[in-house]
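Two complexes are shown next, each including chain A; its partner changes from chain B in the first to chain C in the second.
Showing the complex of A and B:
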C-alpha cells in the first residue's frame, strides 16, 4: 500500500499516530463515545476520508449516531462490496475455455480492505455533513450464513432505495425495511448480479477479444500476458 | 378457480404496484394512473404509477430500471482507461463531467497529480458540460409547461457550447477525453476567444429565459408554493445540486470539498434559495448557468501554461486501496467509490449518481399533490434516466 506515510490504521482504543486531522478524529471520537465497543476498527486518510467499521448488531444504531450526534445529516449512498475474488478472472484471457460453473475461489483474508473485516460481503455507506467536506464511510460485516443487517431507514429516508438496490444486487437483507422489491431488474429475476460468482453473460457467450487481437509491440515479449492484454486500452 | 371481485381488484392492485399493467383502472381506492415509461413528461423511460382520489395523488410509486445497463458490473471487467467510455453515458447531457470524479479517484489511489493546465482545462470542460446540460433543462422545463419556443431557443444556444466541447474533444456527447494523469490533448488554436464569445451568447440566453420563462405569470403560478421540500427532508434523502440548494442548504462540493479542480482560485458565488419549492429549484439552476459562464471566462483568462499530462506508466496499474471522490456535477453530487486490488482494472466500483437520490424523494413529495403538479414537480427535480438507472 502506498499510503504508509499519509495514513494510519488504528483501533478505536488506540491513540492516532498522525495527529494532523483534528476534525475527522473528533468525528471518530463521537462514534466511539456513543457506540463503545461496537466500533471495531477505523482507517483515516488524512485530509480525505474516514472509514469506520461497526459491529453488525450496531449498524442501525450507527446511523442514528451519525445523524444525531455527529451531525452527518446528509445521506450519500449505501451499497456493498463482495470481497470474493472473481472466479472468472477479468475475462481477459478467455480465449481458453473457462469451465462453467468455475471452481469457487477462497476469499483471501490477507487483504480485507480499509478498516478490516472478515466476512465475504460488507455493506458500505457514506454520510456527510452539509456545508463541509467531512464525510464518514461506514462499513459493516455481513454474516456469511445469514446475510442480513439492520436497516437504516429510521435514520435516513433515502436509504430505502439504496437498500432495495443492494438487496437485489447482492442478496443482502435489511431487517426493518419491508419494501425490498426489485428496483432495476424484473421481479422474476433470479440471482444477484453484483456478486462475484454471477457471470457476466455477455462475456460468457462471446469472449472478449483480449489478447487475441493485440499484436505485440516490437521488442515486447509476446508471452507477457499482462502487457499484451491492456496494450489497447492504455494511454501514454 | 374463480376469484371474487375483491380478490380480482387485489390482484390488479398488486400488479399495478409491481408496475406490470399499463392501463388506467378504477378501483375501490380510486384510480390508478400510469405515466410512462414513455410519457413525454417523464423525459426518458421513467415510469410513475400514481393512485388518485379525484384529482389528488394519494400515493405515487416510481418504477425505474428500464434502462439499467449494469455499469458497476461492467467496470469490473474493464481496465481503468476503458471505464471512462462507459461512464460517459451515465448523464448523457453533461458527459464529460461523469469522467472527472472517476479519474480523480484513480489519480488519488495512484498518487498521481495532473499538471495545473490539465486541471484548469478539466474545470473548463466540466463547467461547459454544466452549461450544456442545464441550459437544455431550462428549455425542457418550459416545454413541459406547454411553451414550445424556449425549447428551440435552448437547443439553438446549447449548440454553441457543444461546438466548443466538440472542437476540443472531438465528441459532442461522449468526449471520453479525460485521462489518468491529465488530458488527451491540449486546446486547439483560437479556442479561448471562441469560448468567450459563446459565453456572452449564453449569458444573453439566461437573461432571455429569466424574462420569458421565469417571469411568466403562468410559470410562477404553477411552480411557486408547489412541491416544497424542507431542508431536513432534502438532506435525509440525499438530494444534491440545485435540489438541495433550492431548499436553502448552502453547500456546493465545488467550494466546500474541492478535489484538485481550479475552483479555489476563482471568484464565484454559490446560489441558494430559501423556499424549497419547484420554482426555487429551477431558479437556482438558472443562476448556476450564468455563474458557470463567468467561471469559464475566468478560467479562460487565467489558464496556466505547461504540460497537460503527468508521467504515468504506459500500462496503468492502480495500487491497492479504496478511494471515494465526489464532485458537483450538473445534476448534483456524483461520486465513485473505487476499490483496487492492484490490478489493471477496478475490483469494485460503486457509482453514486445524483438523480437516483434526487428522484427517490418523489414518492414522498407527490403524496397529496394534484395531477398537473406531477409534471412540474418531476421537471423541477430534473433527472436524467441514465443517471438513475446506470
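Showing the complex of A and C:
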C-alpha cells in the first residue's frame, strides 16, 4: 500500500515537471500586455510560483495591473533584499569576529535570485488571488545611487506599513508614500539595520567568543566531552 | 506616617509594618515575551498559585503596585514605557527581572533593537535567570524578596534609591 502511494506521488511529480502551466503563463501574459517592455524578466516554476521583475519606473503601475487586471487582489507582503554579501562573514562559522570596520565586499560578488537583477537592493512584493493557489512575486531593482521606488499604496493600501518597515530597515524611499515614519524602531534610531554593512555594536564592543561552554548531552559518550575540553583549551 | 519620614521608627512597629508589606505585595505584570507565559503560570494558575504567598498579581494600575515583574525581551522602543511605569509606582517599590533577555539581553545580546538588560533603566531587586525560568524560580524570587522586605529598615529604604542593597540572584 505504502509503495503504491509512493509510486503515485512520483508519477504526479514527474507529470508536473513536464506539464506546462497555462494559468501562470496567462498571468504573465497579463503583465506583459499591460506593462510591455517594463517586464524585464520572469521565472516560472511550473505548478508552483511565478517571479516577475519589472522596471523601476513601472513599479507602481505593476501593482495596479496586479490588482485590477490580473485579479491578484490579496496583498501578502512587501519587503526588500540586500544582495551584498555580508562584510562580516557568517558569524556562526568563525571562531572570532571580523575586525571592525571590515573590508567591504565586491558588489559583483552578489548573486541575484530568480528573475535576475542589476542592483544591490531589490524590493519584492507578493500578491495572490484569493481562493486559488495563484501567487506572484514581483521584484524591482532599486537604483544604487538614489534608492527610491514608486509606492504601492494606490493599489494596496495595506502596503503602507510594509513600506514604512522597508524604509527604516533598508533605507529605501517610496515615492508617493508621505508617511514613512519608523514603525518598529525608535524614532531616533539611526541607520538601516537590515543592510548588510550595518554593524551590530554589541559585537564590536565584545566579539563573538566562538563556541564555548559546550556541555555533553545526557547519555553522550564522555570521550567526546574530553575532546571538547581539549579543543577549548587550545583555542584559549 | 510622619514616623517614617522623621527617621524615628520604633523597631516593633517596623517589624509589624514589614510583615504586612511582605504578605500584601501587589505585583504588576509586565510581560514582554515568552517569559510572560511562565509568569502567567506562576501568577494565575492554581498549580503554582502566587496568592498563597500573599502576592496579589492584579493591580489596576502601576500606581497601586509595590512590585513589577518585567519578563521578556526589553527593546529600546519600550524603554520609555518601562521608565514611566517605574516612576508611576509609589515608594517603596521593587523590580523583579525575569529571564535572560530582561537580565542581560540573553539570546539577543547582539541585536540592534534589544536593550541589554533592564537594569540599565530601572534598579533591579531580584534577578531570575533562565530562558525562560520555571514558575518555581519566579516564586523563589518572590520569597527571597519577601525575606528582604521583612528585614528592611523602612526609614532607610524610604529615603530614596541611594545605598540600595545588592540585588538578589535566584539559584
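Please note the rule applied: the second predicted complex is superposed on the first by the 172 of 236 C-alpha atoms of A that agree within 3 Å, B and C clash if a C-alpha of one lies under 4 Å from a C-alpha of the other, contacts with A are read in each partner's own complex, and residues count from 1 in each chain.
To be clear about the criterion, a contact is a pair of C-beta atoms (placed from the backbone, for glycine too) under 8 Å apart; a residue touches a chain by one contact, two chains touch by 3 or more.
Please read all numbers here as calculations on a predicted model, not as lab measurements.
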{"item": "Chain B versus chain C as contact partner of A:87, first or second or both or neither", "value": "neither"}
{"item": "Touched partner set for A:185, first chain B, second chain C, both or neither", "value": "both"}
{"item": "First (chain B), second (chain C), both or neither touched by A:71", "value": "neither"}
{"item": "Chain B versus chain C as contact partner of A:200, first or second or both or neither", "value": "both"}
{"item": "Per-residue contact with chain A, leading partner among chain C and chain B", "value": "B"}
{"item": "Contacts of A:114 with chain B and chain C, given as first, second, both or neither", "value": "first"}
{"item": "Footprint overlap on chain A, where chain B in one structure and chain C in the other make contact", "value": "184-185, 193, 198, 200, 203, 208"}
{"item": "Chain C partner contacts - residues on chain A that touch it in the complex", "value": "184-186, 189, 191, 193, 198, 200-203, 208"}
{"item": "Of chain C, residues touching chain A in the complex", "value": "76-77, 105, 109-113, 116"}
{"item": "Chain A partner contacts - residues on chain B that touch it in the complex", "value": "18, 64-65, 68, 70, 72-74, 76-79, 81-82, 108, 111, 179-180, 184, 232-233, 235-238, 244, 249-251, 253, 256-257, 312, 314-316, 319-324, 326, 333, 335, 337, 339, 341, 343-345, 348, 350, 352, 356-357, 360-361, 364, 389"}
{"item": "Interfacial residue positions of chain A with respect to chain B in the complex", "value": "1-3, 48-49, 51, 67, 73-77, 79, 81-82, 85-86, 90-92, 111, 113-114, 124, 126, 130-133, 135, 137, 156-158, 160-161, 169, 181-185, 187, 193-194, 198, 200, 203, 208, 226-227, 229-231, 233-236"}
